[in-house]
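Below you'll find a set of structures to go through.
You will see two complexes here that share chain A, one where it goes with chain B and one where it goes with chain C.
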Partner chain A sequence: MEPWHGHLLKERVDQSSLLIQGNRACVLGALDAGVRFYAGYPITPSSEIMEAMAFELPRAGGVFVQMEDEIASICACIGAALTGEVAMTATSGPGFSLMQEAIGYAIMVEAPLVIVNVMRAGPSTGRPTAPSQGDVMQARWGTHGDHPAIVLAASNVADMYRLTMAAVRFALRFRTPVTLLADQVVGQMRESFSEELIGRYRLTSGDFDFTPGYLHPDVAREVRRPHILGSGEHPHVTGLFHDETGFPTNDPEKTDKFLRDLYNKVAHHRDELCLYDVKNEGNGRVCIVAYGSCARSARAAWRLADQEGLSVEILHLYTLFPLPVEIIQKVARRVEFMIIPELNLGQYAHEVRKMAEQWTTVIGMNKTDGTLITPREILDRIAELVGKYESV
Partner chain B sequence: MTLEIEQLLHRERLPHIWCAGCGVGIVAGAFLRAVLDLGLKRENTVVVSGIGCSSRAAGYIDLNTVHAIHGRALPVATGIKMARPEFTVIVLTGDGDGAAIGGNHLIHSCRRNIDLTCILFNNQIYGMTGGQFSPTTEPGDIATTAPYGQFEPPFDLCRLAEAAGATFVARGTAANIRQTEKLIKQGIQHCGFSFIEAVVPCPTEYGRRNKPAKAVDMLEAERARSISKTKAARLSPEELRDKIVTGVLYEDTQKPEFQRTYAEVSAGVRAQVGRRFAEEDEK
Partner chain C sequence: MSGARGGTSPEQKPWDLLAGRDFIEVRFGGSGGQGVILMGVILATAATLDHRRVVQTESYGPEARGGYSRSDVIISNEAVDYPEVERADLLVAMSQPAATQYIGSLREEGIFIYDSESVTEPPLFRGTTFAVPFARMALEETGRKQTTNILALGAVATITGIVLADSLRKAVMGKVPPGTEELNSRALARGLALDPAEWQRGGAGAHS
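Right after this comes the complex of A and B.
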């Protein structure tokens, strides 16, 4: 096993900068944010998260359990969450599919947990060692029924650290599972990592603070008081429609209110939940809207374009759901084209198109061959679009 | 504070959903008496159930209760026990919930020997969904999805639990409810994974398509078929064919319990790391 500069503080203080893998940065972020319970099942390309947790959690006084499958893993996390712990699990596509029913249960019983999905290519077994962004819509609508979803997307190692922290914060604040999407490249590559790097990429959202242990000041606002097992209230917890007492109800008015409240506690807080970064704001006729590893290529394309005298705008999304409607529409009003590079067949472009097509032309750039979209490919597409426009 | 049985019930949730003649309530009552007799504290006792007729018991019991998703009561209970080792965690499940959809979790919970008590209400049928056959339906019997008679062989759940590593395995019936109550008490007191199969009649969905049909006849047949482990030892497999072997079938107090072992390993690692840091400080 390679030396692991773990949470245990002394080892970390000696290192001002680490060369660290994305999956391990995720563990560091989780531990810094207070995660002390992990249950999981091994799956490529997420297994390093589980291995690091197996090493760190006993040392941090937490609990690590390797379960018999992904269903058991998320259910164990839900059990821990019901006692007041922040629990986490990590997986990849096939395991994420298995977890879907229990994710719905966690939403229904308002259990705070973090699910990291390090995406691999393709449906079914697909290509376990190739990156993809094919689970974007599954992360939004994977479990049955109308439900809220908070979905974040990491584009580099620093993101794996800070967005894991953000995921923990959001899970606790909104008492709901939060999905952090990474992909094989972001999860398994190594990058240098320091406090400075974490702060380098600006996130735009209200008053988000990445200090370890930081809690949002109005953590209980509009979110129902949690029922914690063993808290003296001896609550009843059920996945059936229930009222504020926790007990099942078939009353149409109460069930309708329950579902709408559940949905709106996320939908009404887009201002707080939507993390993004705009580069070269208001300059250029084209905006690249990107997330995950494609955002890396987008940023590189922007620098290349600059050298070649072409001005493009970048909208880097860290929160995919709830949909960052306001910023997308704001940008859509001022650009002629929105290019959306994705390692899928246009899942998120479809969402953006619905919001933006009355103001701009939304163009998807899609790759599903297990390789990344290169900066040059993005730039060529932009040149083509702008050229086409100029020739008209 | 000493609790009365009424205090362990959410009386405002009654009447319950179980049919007349159902055996689930009989065993649920035995479970509540066991909780009272053992003097378990309400704040430290957690009941986790899955989905099905027996799992609905969680909704009437005034302890910390979790009505989980179908088949997954055991992993949810595992998370609770690992996060809060001081809790007494009891799982209420059925033959469909615990042995079909949740079968994998059952064998792995047995293997880990985690300190949970699993009471599996075996009515040999899917009652809530309308009488489909379960993994314990008897061969030849009629179910809505076995209209020509069940031809799949059933599980012997106690042998399954023992082979998978459970350290307390017992079987009781609704007919001999005092014995079942005693077995539940022993199971809760046992440190390790306790598996208690409670054979219960379902006159509505099982009885009416098979024989005996009526609730009382079903209970009487259960009693007549019951035989103790010692008596069973003297019978041939042929003679045992229709018998329900009851009592404590297996007990092992030596096998390490999962949560305690984890805690020991974890404390050992922390002590080791602490010593190393102290040494470095001295340098």
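Right after this comes the complex of A and C.
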């Protein structure tokens, strides 16, 4: 199927430039990656994704369904995925909570899905219109049992486009749900975006052939051969531990192998799954480890620091899970401090600390008042740290 | 102050108080329903047409109607990192709470523009200030209070030169609801024709 680009024209402000909202860029990425099924329930600050999908999908030959709630939404997506469709839904914290049980089911039945969570301040209804990164650990461990998780984090409009595409690719290759995290600022911001960039990240149409029953040619070796509805077979699908036939099993050896395969199909492919960017590599005693909108604050802080003669390294993570162990430990070995700015009370800093504290001091910087961390706040913290240790 | 210009030309030559700057931070503030976020979107679109790099963010209350509403626009010649206003070069306040709350984010040498009927107690600001009865003008010009935001954008362009008038016209036409083009075009023209000298309340003029 050819990538479908009619929708892009509407976003053009002139021949060469586009100004697109993050949530809409996510929809463009999804369409370009072959998503043709969306079921959802609107919620601020993710609603524009659903709104755009409702408009675009029927025109792209896809199916859009507004469901009665988020539980039904994700279940509809699982059903679509089991027929070989690429399915997607988008939500925010309260809806993501409702989806957790079915996410476990999707993992167990190896249904490829993309779930976008545009985070708002929580818990509960919280502050619907304020940005947050409070759902990071929920994205990893929200559903019960030992399970794999692929979690990506977008920091700008271009990320919303390309990471949505990456999410589709990962979902198909590893046959598992992939969560893309954004926040109110990233989801609802509009930003200059060039068609050149779209070209650069476009996956070739050969990567995606979505005739029903089709299995991604590049599927990871640990994935069990899926039984696809509509393929002429009579598949049995269950959330119970099952064997190759799809029917339940209580055989200790089989269930143990099943769980380990499920887990390892992600853990063994960290190299491929862990997307990140290092700025100013090997220069400076301090590294800012950041993701999402905090990565933008970090970049701005890095420029300010540079003006003040302070050298700082930045590790910008696009993949939060599986944990990018190798790069974190590599950087940890060469810096004295790792600063982790987050719009939560230190959820990811805790993960980094476990990986890095034998080599470096890991310091969380946390804000939960519904505003972004400013570059100046990060710079002040760096100056304080470096100064404090110099004066000892 | 020697900024006053004679004549009643339909469109004022911009004062260009912010024209040509490499990096400009703009904040629009008001209440839900005034079209404050649309002001940000339109300015961002116009700046994109001027081949600038732009980021526009929005922040609003959880209420379906009313509540606060804010839109930040960063216009730059390079990619923008931090997406929100840190020290505004321009603050446009369409309500009293917005003026009171955001005046602190405006730098001393920045420009403060407000709707003089909504902002009855302007906060203390020593810099360049313009007080314009945007809502009243819109009502006079088009009979529709809803065109206030577009009229104010025209005034912003004339006072600051932040975007080209042509780009702003194109952006407005592309973003207003179908069927309202003519009304909004009149509102915009009225804003673009505004004489900054007539509405300046304090601070430096164009030629000071």
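The rule is simple: the second predicted complex is superposed on the first by the 350 of 392 C-alpha atoms of A that agree within 3 Å, B and C clash if a C-alpha of one lies under 4 Å from a C-alpha of the other, contacts with A are read in each partner's own complex, and residues count from 1 in each chain.
Throughout what follows, a contact is a pair of C-beta atoms (placed from the backbone, for glycine too) under 8 Å apart; a residue touches a chain by one contact, two chains touch by 3 or more.
Everything numeric in this text was worked out from a predicted model, so none of it was measured.
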Side-by-side fit of chain B and chain C on chain A, or clash: fit
Touching partner for A:237 - first (chain B), second (chain C), both, neither: first
Three-chain overlay, vertex chain A: chain B-chain C angle, C-alpha, nearest 10 degrees: 110
First (chain B), second (chain C), both or neither touched by A:129: second
Which of chain B and chain C A:260 touches, first, second, both or neither: neither
Per-residue contact with chain A, leading partner among chain C and chain B: B
Touched partner set for A:65, first chain B, second chain C, both or neither: first
Which superposed partner A:354 touches (first chain B, second chain C, both, neither): neither
Shortest CA-CA distance in Å separating chain B from chain C in the superposed model: 18
Where chain A meets both chain C and chain B, residue numbers: none
Touching residues (chain side chain A, partner chain B) in the complex: 8, 10, 37, 39, 57-59, 61, 63, 65, 67-69, 71-73, 75-83, 85, 87, 101-102, 105, 229-232, 234-240, 247-248
Residues on chain B engaged by chain A in the complex (per definition of touch): 10, 13, 42-44, 46, 48, 58-59, 62-69, 72, 74-84, 87, 104-105, 108, 262, 265-266, 269-270, 273, 277, 280
List of chain C residues in touch with chain A within their complex: 41, 44-45, 48-49, 51-62, 80-84, 86, 171, 174
List of chain A residues in touch with chain C within their complex: 13-14, 17, 19, 44, 127-130, 185, 188-192, 293, 296-297, 299-300, 303, 372, 374-376
